[in-house]
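Shared between the two complexes below is subunit A, which has subunit B as its partner in the first and subunit C in the second.
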Partner chain A sequence: MSGTRPDKSKLYYQKVSATWWLKKPSYLLFMLRELSSVFIALFLVIYLIQLSQLIDGPQAYVSFAQKLSSPGWILFHLVVLAFALYHSFTWFKSTAVILPIRIGERLLPREMIIALNIGAWVLVSLVILFLFLALKG
Partner chain B sequence: MIGEKTTEPLWWGLFSAGGVIAAFLVPIHILIAGFAVPLGWISDTGILYRNWSVRIYLFILISLPLYHWAHRFYFAVNDMHLGVPRKPLALLCYGGAVIGTLITAWVLLRL
Partner chain C sequence: MAEPTVTLNVTRYRPEQDRAPTNQRYTIPYKNDWVVLDALNHIKDQMDGTLSYRWSCRMGVCGSCGMMVNGVPKLTCAAFLRDYYPQEIRVEPLVNFPIIRDLVIDMSDFLDKLKSVKPWIIRKEEKPVSQGEYRQTPAELEAYKQFTQCINCMLCYAACPVYGLEPEFLGPAAIALGYRYNLDSRDQGRDQRQGVLMSHDAIWQCTFVGECSVVCPKDVDPAAAIQRTKVDTTKEWFQSVLLPWGQK
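Then we have the complex of A and B:
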């Protein structure tokens, strides 16, 4: 794009309140989807802190994991899991829109693409669980 | 952001890759690390983290969703119209993800 940008002071800006996303369920769901990334990142940071305990030896690592069995942490992980599953589902849903699959002349129905994604997700999860059990010693 | 126009595809690519990792890989790790190990359903002494393939996998698992967070959080806070200035916010989000990546690499190399 060439040319000069319009003078910002001459542009019209509509005033938007800071609580607009609370006004419709679909807006709220959008914001919850965006905020799911916060919970996913928090989980990974705590997981990394747990892994870093191994620098001090297996004992520190095991006792850190035991601390995570308190009701507060279990509740935290339940919330994190709910947000993570919401992210997965909405991600598969948008994949079906952004990356449509064409077979010959016909487009695969979106529901089918979502189902394929969920199938792949279940398979990948089972493989990770299996590998974890096989490698943990 | 500094060099916004030229670096945007990079951040978007990292966001997208992180979103895929978060969608497909993170839920089972929450089940394992958040429930199964703490509650004693699975015993784990951390031996598997000596494996280099596991460490490389963990680097991808932990670092990429940080960029997914950075991108979504940056735009969510902007969209909320809280009056947070854009440039410091971008620096906090994307800079935070870069620092998180470095810390992840540092921890995984020391295990």
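Then we have the complex of A and C:
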């Protein structure tokens, strides 16, 4: 087949622009999903620093926690929360694509798998919240 | 009353005279039942015979007439003018591929990649024709049937930013077809394909943007094929490390 290939010197090579990810909402959502990992990683670093304060005793831990209660840090954590929620949602969406569930001859609709995942997620979150409140009380 | 018209803004690239693509506008009669391909055929037949593009079947089977319509990869035989009318319609060659002329792209790279996954049934030993066909149950067929629908139209490659940025990427359709033959109960060529599918430039280049499955006119869902291949190969790797004695 190589004899039928076009003359490479006459081809025009199309380039991908640096702003390709702004061209479609789905590309932008993809970039936000990838970006979410940066915010989650930052949160984890801060969380690890906070935990390491325990080595210096409860007082150090509390004073670090107080530093984090400034408006700037609260805003940062809200942004992290938004990214974490979005990342989790994309994860459930991916699960439906990657792990199809077959019941008999029929495939479970993807929306159902996503709904089941989110349902389980909410349930586990409520259990954790309940345990947290119970232990606190 | 004047007949309604619609304008197509079409990419032109004539290598003998152009250094880069340009645009050319054609105003044509608007017909409610015309698709973009009908409009291009009207231009070619009635207005400008120099316009080049590929087409064949007109019914979404041959996969030849893929182009960018208003920035979205589409089979032009299935893109109705009425969905864009009265706005001007931008028609460009599929992105991420080199342009040969006007709306015709060079598909050599895709064909090489397609061939590399050996998209045919491989048997360790072919049985003679006299022994009959390789039989399959309906359930075995169902396992891969969706992935047989690929018509090699390359819309998924045009939708994939990874392929645009990393041209070495094996790409959605080729991986989906490799996966399709791996799933086929009649096939015994998995080992021959895995080397290609698991290589650096194949499944692990995919970042799961997911647009390949969105634009696929045949609902092949290449994104699912790629992600499932990732899961399968990861499982196989763990099995080979943790249970080396369990190898076939």
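Criterion: the second predicted complex is superposed on the first by the 115 of 137 C-alpha atoms of A that agree within 3 Å, B and C clash if a C-alpha of one lies under 4 Å from a C-alpha of the other, contacts with A are read in each partner's own complex, and residues count from 1 in each chain.
In this section, a contact is a pair of C-beta atoms (placed from the backbone, for glycine too) under 8 Å apart; a residue touches a chain by one contact, two chains touch by 3 or more.
These numbers come from a predicted model, not from an experiment.
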{"item": "Contacts of A:10 with subunit B and subunit C, given as first, second, both or neither", "value": "second"}
{"item": "Contacts of A:58 with subunit B and subunit C, given as first, second, both or neither", "value": "first"}
{"item": "Contacts of A:103 with subunit B and subunit C, given as first, second, both or neither", "value": "neither"}
{"item": "Subunit B versus subunit C as contact partner of A:34, first or second or both or neither", "value": "both"}
{"item": "Which of subunit B and subunit C A:133 touches, first, second, both or neither", "value": "first"}
{"item": "First (subunit B), second (subunit C), both or neither touched by A:20", "value": "both"}
{"item": "Shared contact residues on subunit A - subunit B and subunit C", "value": "16, 20-21, 34"}
{"item": "Residues of subunit B that touch subunit A when the two form their complex", "value": "19-20, 22-35, 37-40, 42-49, 51, 54, 58, 61-62, 65-66, 68-69, 71-73, 75-76, 79-83, 100, 103-104, 107-108, 110-111"}
{"item": "In the complex, subunit C residues that touch subunit A", "value": "13, 15, 18, 20-21, 71, 93, 95-100, 106, 108, 111, 139, 142, 161, 164-165, 207-211, 213-214, 221, 223-224, 227-228, 230-231"}
{"item": "Complex contacts: residues of subunit A adjacent to subunit C", "value": "1, 5-6, 8, 10-14, 16, 20-21, 23-24, 26-27, 30, 34, 94, 97-100, 105"}
{"item": "Interface residues, subunit A side, partner subunit B - complex", "value": "16-18, 20-21, 31, 34-35, 37-38, 40-41, 43-45, 47-48, 50-52, 54-55, 58, 61-62, 65-69, 73-74, 76-77, 80-81, 84-85, 87-88, 91-92, 120-121, 124-125, 128-129, 132-133, 135-137"}
